[in-house]
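Look at the two complexes coming up: chain A is in both, with chain B in one and chain C in the other.
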Partner chain A sequence: MSALGATSGEAAAVETATPPPPRGLNRTIRGTQAVAGWLFVAPAAVILVVFLVVPIVLALFVSFTDWSGLTNPLTGGAHWVGLDNYKSLLTEPGLTQSGFMTSLRNNFYYVLFVVPAQTALALGLAVLVNNRFLRGKGFFRTAFYFPSVTSSIAITLVFMFLFNPSGVVNVLLSKVGLHGPNWLIDENGLFQVVAGAFGVHSTPGWAQHQVLGLSLWDWLSGPSIGMCVLIIMVTWTTSGSFMLMFLAALQGISEDLDEAAAIDGANAWKRFWHITLPMLRPTLVLVITLGLIGTWQVFDQVYLLGPNNPTIPTPAYYSYRESFANFHFGVGAAVAFLLFLLIVVLTVIQRRLLPEDIQS
Partner chain B sequence: MRTRKAGLLAAVLAVGLTAACSNNSGFSDQTANQTAKPTAGKTSGAHLTMMIASSGDAETNAVNAAAQAWGQQTGNTVKVVPASDIQQQLTQAMAGGSPPDVFYGEANMFQSLVQAGQLAAIGDQIDNPDDFYKPLVQAFTVDNKFYCPPKDFSTLAIEINTKMWKQAGLTDKDLPTTWAKLEADAKKLTGNGVTGLVMSDTLDRVGAFMVEAGGSYMNADQTQFTFDSPANLKGLEYVQKLAKEGVLKFPKQVGMTWGGDSLGSGKAAMTVEGNWIIGAMKADYPKLKYMTVPMPSGPGGPGTLSFTNCWGVAAKSPNQAADISFVNFLTSKDQQLKFADTIGVMPSRSSVKDAFVADNPQQKPFIDQAANAVPQVTTVGFAQAQQAFDQQVINLGSSADPKQMLQQLQTNASALLKQ
Partner chain C sequence: MIRSTTPGRRATGYLLLVIFALIFIGPFLIELMTSFKSDPDATAHPLALLPNPLDLGAWKRIFGMTSDSSVPILTWLGNSTLVAVCITGGRVFLDSLAGYALARMDFPGRRVVFAGVLGTLAVPSVVLLIPRFLVLKELGIFDTYQGMIIPIAVDATGIFLMRQFFLAVPASVEEAARLDGAGPFRIYWSVVLPLVRPGLITLTILSFQGSWNEFSYFLVSTSSPSHFTLTTGLAQLTSGSLGKGNQYPLFMGAALITTIPVAVLFFLFQKRLTRGQLDGSVKG
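After this line comes the complex of A and B, so read on.
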């Protein structure tokens, strides 16, 4: 009875002798744990289903209707129109298509400039703050992270004051002898301005060709001056939170590697490029993925700046305006799903090009 | 009767509880009398809900006072709900199947409401419908059905900074009564960081000049748009001329958001705005002295734009009789005068005009133009076409082509009528 072998033998005998536990009322400890698990998860699951899954499914349904928002779509207030909303956004020439394509173009240049800029800035700041010989690391960490926790609307308003035609930025520029543009309402694309510096002032013949509602000249215009203000503002704001991710990853890299490379004669740049950066790959992938997803969905800043400048609205803002200002909820929902597909495709491409695995 | 009232009270409480839980705008539901026909309903003992878009305390208090006065008179109760975003909240309420009984029918929502079948056509049950200004009634008539009586309206006029006017040596003879005089005045007033004329870059301002050139938005029987008429082009080209000369700028170009701020901050000597500027200037720039004159006459005569809204009654409201009685009360001459004096809007009944001007002399230039005022377009989806037009207005001084702008607006607007 007291010997271990005896009790295990008895236990073994008991195990083989008892019939399998009854189905249904699962009285084993695994069964009660499973039930308990489900009970614990239930409130969160219910909230997720009610506030996330159900609205998404309803939005998908609305995107196939012509719901105006003034009737109940679930009891026949919205008429089924099939793919009409998607067609008017993608294939049929008209205001809807040109508006959507303009917003896509605006957002594309925004992403093109913001994602590399904020990744590089975040990495640079993280490397600086991680420096062994830097005093007051806590202060710098807080200072760089601070813009991320401040309200984006408040920051946008401050930037609107700064970049006002008679605001601080233009005053400083005038002190250096430059005449600053009316930043926020300037619609000239960056590439167009650069082309103008090379003498290409009016749109050349080949660039007048219309593709999906916009001329080629408009497609290749680059971010507008107004959009550049937005790019600067968002890069400054979001690099803080990505800096923290890089910082955490950097602190996980052992200093021995760096010292070994230094002994072997590698300079600081070579050490960074060949040792630190490859080890940061998973974080880099994370930052770029998050950056892509976030930049394609930008809304807050565009809500304040967008109405004044047609080169700023992004698909998210376009969806909002179509739905709530123009009562075309079907089109707005369709834009949302097209945006979702776009982000998924881009993220998949990005994961193929830059896999997380260090070995590959 | 008592059990019916008790049952009604219980129903109100029950529905109110569910509405309170599901709706975060905080207004309680109406009585759940499902079997009422659209024109039925009691005229006494009813409990109405009213949703308004208030411009401030003055308006909320005035509406509350009117609601209480009528309630006491007829033995009903009205709950007034000031909405922070009436378009969103009204849409929510309608989609949810529990709209307020009476609400502000904004012009930009009007046709959408009619198409969705959510607006009751009560025009034929309003007292003295001929007393309302004709253009305002037209704005709220669809298929010869007069849906909702106009509440009040505003027109555009020119506001001039009197100090700058005097400093430039201008007198009453130079008042901008014609296009030529307006151009000359703007030229004289431009300089030293001040722009002669600043007005918002939207059809809702440049359209006034199109009307003054003899143009119009729609044809006489409201079946076609007429944006691409030569008269409209003349009006827009006049605006372009002023913009190219540098005497007309748009608020964004001087770092402001609208005409009132441009005038008040001293960036503009003149601006084109509606009655709402009176309240805004009193609140934000009380020391600035300005005078108001009617819009100039162009080749087609005097003209301006009007902005209006109406008292809407929900088609699904079970208290139709009470609603109509309430709206009749709100549009009565005495009540219109009260609203006009306390809120500063212009009464929509022409018989109230004299009393209104006697009480509010500074509103005279606005209301004198009532007969020549063209109301906004209410066609569903026009907002989108207007947005595309408005985006180009700011470039009138540089690269925009008025003919192409009007052509595009005509195409986009006409496409809406085909749907």
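After this line comes the complex of A and C, so read on.
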């Protein structure tokens, strides 16, 4: 029925996988299996090698060149520039550095807000849907999960409509007497807006100090209003799929302990905090790390929203734009590798934190 | 069932569920209703659910019933369908073939191949944009249907998923067939494959959903408008038109067309899809 169940059957299957074949047949079966085995994996292996492994090696090469994308980089169409691309991104002041650092800043605040928000919302929805005294759970679970399976481009289009200056959101805000901003193109940082409310309107002297191509004021801006739309949209889209993971884990928790605590007089909040949550720890770690890995890769939505608001582009989009719009494929490839490195580190951390046999 | 609940509590629970359901379904309702509005109506009354007047202009343009062919959504729909069907077919066949070999066949290098497949799971697709463009150029299949399909007609997640399903099939089934003189491909095709039907269905749905919604790969593997899919076409349509506030009904209709096929699959195979999503991510 499910692959999850299949894992537990794995041990049994492996034991019975190679029973001693009758003597004499042994060699021919092994020979046939060796040839057939390779024939079976060959198509998949060839495609993965040609379109995944080889490209990565080629791109690593390109990240050390000044390839423009128009010539053939393998036959002398690109010049070896050593670490120049990496230097211009990381250490040399200039447009490239400030562009890349801005994209890192944008993505950092995006991660900082999306990961806690989607984790909390997913957990909340799971607890709500898991309540055994409520009916119609199937409907609600479907409703919450549905955005996760739809096209990110289509969803971004819908949100562009919802958040346009005279869109649904601003109409709703005006009903309670608020004047909504022009969300998508608003570059003001959330923290700066809050500081403004406390009377800090111009950049303080200490914040004009330049660090890695951006002023401290820019580093500390918080997500822009435009970025907040992206944060809200992605949280809304992905919470449903993480909710499913929490639901699966919740259903695996025995109710005995909870009931015993209830008899001892612990209220619902205490039971959730001291009994349910500790038992959800592995799932919580999984959801947070998957969230961290996923949020550093955001691209589709940024492709639509980024061109009109410099506070939205992320490294993935910056890499794309440097390559395909500005023809600096070397720089773009270098960004891709820095991003790859970051994601590999996050993946390694995830595998360390998670027990091998997680069966949430 | 010693615990009971107060009616007040239950009401709060339902209230919360309904509020969240509105937040999650609301945007889709607005998307649907706006597609039947006129341009001025959509801009002036974005929140009004009922179109006033009812305007089929957007849908007429989508289905090519007007002389204006500037937005060939039917062509994009055709491309999306063609590409998604081919990729899904490729993944279901090739992933299961490889998954079977990795689960059940004893061949030299199996461990290395399996480790390689696991390794590619960690490679994020955004990192592959430039590299894949490079290889498509080198092979001369940039901006072709082959180039859109073949490189993503195999995926590591699918191989892994199928391997898990094959591992659960009892080995005695194959032994019996082998003693009857069946060759490896015949055993795979007519004996084992029918036993992992649930896995094949899961993989079909996930592959179709993934390739139908795919955007970034098609963006870098094509350049001519004749190869636009719904996702790349829509992105092209909207880029630069932000804030002009017109054509929203058309955009919403086109977004809806993009949403519907996956929605239908979703409602038909809801259980399997939610299950497969879990498997893929937990294992990944």
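Everything below uses one rule, namely that the second predicted complex is superposed on the first by the 301 of 360 C-alpha atoms of A that agree within 3 Å, B and C clash if a C-alpha of one lies under 4 Å from a C-alpha of the other, contacts with A are read in each partner's own complex, and residues count from 1 in each chain.
Methods note: a contact is a pair of C-beta atoms (placed from the backbone, for glycine too) under 8 Å apart; a residue touches a chain by one contact, two chains touch by 3 or more.
Predicted model only: the values in this text are computed from it and were never measured.
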Chain B versus chain C as contact partner of A:P73, first or second or both or neither: both
Is A:G167 contacted by the first partner chain B, the second partner chain C, both or neither? both
If you count the residues of chain A that each partner touches, which comes out higher, chain B or chain C? C
Based on the superposed arrangement, let me know which partner A:A325 touches: chain B (first), chain C (second), both, or neither? first
Looking at A:F64 after the superposition, I want to know if it touches chain B, chain C, both of them or none. Which is it: first, second, both, neither? neither
Give one of first, second, both or neither to describe whether A:P310 is in contact with chain B, with chain C, with both, or with none. first
Just checking: does A:Y86 make contact with chain B only, chain C only, both, or neither of them? Give me first, second, both or neither. neither
Name the contact category of A:L95: first (chain B only), second (chain C only), both, or neither. first
Could you say whether A:N182 touches chain B, chain C, both of them, or neither, answering first, second, both or neither? both
Shared chain A contacts, counted only where both chain B and chain C touch the same residue: 69, 72-73, 164-167, 182, 184-185, 308, 324
Using the touch definition from the top, list the residues of chain B that touch chain A in their complex. 87-88, 91, 94-97, 109, 112-113, 115-118, 252-255, 380-381, 383-385, 388, 391, 394, 412, 415
Chain B touches which residues of chain A in the complex? 68-73, 75, 77, 94-96, 99, 164-167, 182, 184-185, 308, 310, 322, 324-328
Under the definition above, what is the set of chain C residues touching chain A in their complex? 2-3, 5, 9-10, 13-14, 16-17, 20-21, 23-25, 27-28, 30-31, 34, 43-44, 46-47, 94-95, 97-98, 100-110, 113, 116-117, 120, 122-135, 137-138, 150-154, 156, 159, 161, 164-165, 167-172, 175, 178, 183-185, 188, 198-199, 202, 209, 212-213, 215-216, 219-220, 230-231, 234-235, 238-240, 242-243, 245, 248, 251-252, 254-256, 258-259, 262-263, 266-267, 270, 273-279, 281-283
Of chain A, residues touching chain C in the complex: 1-7, 9-10, 13-14, 16-19, 29-30, 32-38, 40-41, 43-45, 47-48, 50-56, 58-59, 62, 69, 72-74, 125, 128-129, 131, 133-134, 136, 139-155, 157-162, 164-168, 171-172, 182, 184-185, 236, 240-241, 244-245, 248, 259, 262-263, 286, 290, 293, 297, 299-300, 303-304, 307-308, 316, 319-320, 323-324, 329, 332-333, 336-337, 339-340, 343-344, 347, 358-360
